[in-house]
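First chain written, first letter: the chains are A, B and C, and each begins at residue 1.
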């Protein structure tokens, strides 16, 4: 051992991981947004869509939930370029490929929670809104969505936490995010335990921070009957 | 008298028909609600009472027939006419259907703002006034999850009243309530009737409704098969289906006041029935 | 894309890919059993233990739920186990095998999740169950073993089937440390045959089939141990 852990941490690990952290965030944030957006659309379509659309979204969800994310990542990065339609094929860089893979997969899971939130709303709620003279649109806006959102929030938040952890898979297709950077440092320094345990701490902090923020959001929206179930 | 005949009923249904899943749930039902009258729908479960009430404001669109509001036929295809009909027709549901994410006050306020376009401040003020009318001013900030059944139903009534409806449809307003909570809701309904609100109520509270109904409508299998004043239909020797049905449900519910129902309803209907009603309405919310 | 080429490649790849199923199934079985063996006592400690034990379980769960599987694979395989197997006392125990590392990682993580599942199930049982058992003169340990756990485990089976499908998908990450399961073989063949599209689909189908088989098996198990009328709603 040439240097102590603390020196190693200060001189090499933290600067390296810091750069990786920014790349991680640059992958996580757009994937999360994409996932929520897709999940919202797919969730609403699965409940209210016409039959063929419903079947299509169901198929999408079971396909992306039924196969490992790493297979999907591999597909978008390595296999997609081999598919040519009319002589054209799409080649994605590593970061866009990860965002696409994470967003599509996350959207499938998010749609489950959105769907559950929508289904949990009793029919009487819309009925009562219509009986007061609201249009369907007003009823959806001021009664259905606020309730569905609160019901779906814990699940959707959990899925965001998963996304943070699974963003580490981007390193498999050469993205130099947290895990990718750590792997490089480990290879160069042979200080595996120190590097990877420190990496673990980074994720723990990210995940804990995100959990805490989500709980703050949930509590600020909480009303009696829609409380977060304390674990 | 002549002038009264020229005023059209507040709400009128002509030959409403509805088939659900192959069942003839409503079979050419007609009824008229003149201003200030209280009509009571009774009949066995599955008779079509809820369907009828919900057809009156198109929550369930009837297959045939028409609805007239103050003499003008409502065009259900026009979204504007539909919303305006529903604003003028208040509806109370068996299971309250309060908006679970809104406080009592917000429940009353939301449609005032969204539908009537009132400002938040004005709507809030009116909402509080309506809540105090049903005796719930001190519960305005509570959410449905923290209200008792009786309180929920009173909030629902306040919510409907706030829209200033011309007529109220009440679908078994006390059926989901624990017995000790029924009285507070009935008292509010009685108060409404005494203030001249036009109403149609589906209910199993026979003695209560006999004391304030102008007309009983007995429904079975999607048809109104008997109608008349409660005194007429509940007379011991009337031999009516209504009497038989009422005797059966009051026997089952074992109400002391109801046991003497047929007997007490001879000459002095009001007096005989008010014994039962007084017992139920003992707790006055106002 | 030439479909006949893709077809031939897929057919030739099939036996090799199916060979990976054994490794995948081995990973899942090992991990589920380890997860069960640790998850049950963790859950009991979490519910009935003294506060330091409860705190310790919380930290354990927080650690394994907070660190990505991939990172854990690296920590265990390249770090901890590599180091442990250099110790004279532990060398030759096979601790440096990627399979052992992967089973440990998947199993420990699963135990954290399973302990949460069991805890939820235990807490959903009416309090009267434990009281009734004590009233009959059982010790708490006896009551937990013979009254609480049989009920809690039954209630946990639906959540278990979810846990299985999560483990199955996570097991695909074992390729990163060199376990020759399905994903590893798919990658190898895809690069030699230049047929990544058909190979990804093939792998996807195999994983899909495994999910289906496992979920079916667990629902059979659920029916076998079912007591008429006993469901989570019924018990709550």
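Note that in this section contacts are C-beta pairs under 8 Å (C-beta built on N, C-alpha and C of every residue); 3 or more make two chains touch, one makes a residue touch a chain.
Note that this is a predicted model, so its numbers are computed, not measured.
Located most centrally within the structure is A, per distance between chain CA means and the overall CA mean.
Each chain gets a centre from the mean of its Cα atoms; the one farthest from the centre of chain A is B.
Chain B and chain C have Cα centroids lying 57 Å from one another. A separation of 22 Å divides the Cα centre of chain A from that of chain C. Mean C-alpha positions place chain A and chain B at a centre distance of 49 Å. The set of chain A residues that touch two or more partner chains is empty. By the touch rule above, chain B contacts chain A in their complex via residues 57, 59, 79, 83-87, 89-91, 93, 95, 97-103, 110-111, 114-115, 142-146, 156, 159-160, 163. Put simply, chain A touches chain B in their complex at residues 122, 124-125, 127-135, 138, 142-143, 146-147, 150, 223-226. Note for the complex: chain C touches chain A at residues 1, 62-63, 65-72, 74-75, 78-80, 82-83, 116, 165, 168-173, 175-176, 183, 186-187, 190, 194-197, 199-200, 203-204, 207-208, 211.
Interface of chain A with chain C (complex): residues 63, 66-71, 74-75, 78-79, 82-84, 165-166, 168-169, 171-172, 179, 182-183, 186, 192-193, 196-197, 199-200, 203-204, 207-208, 231.
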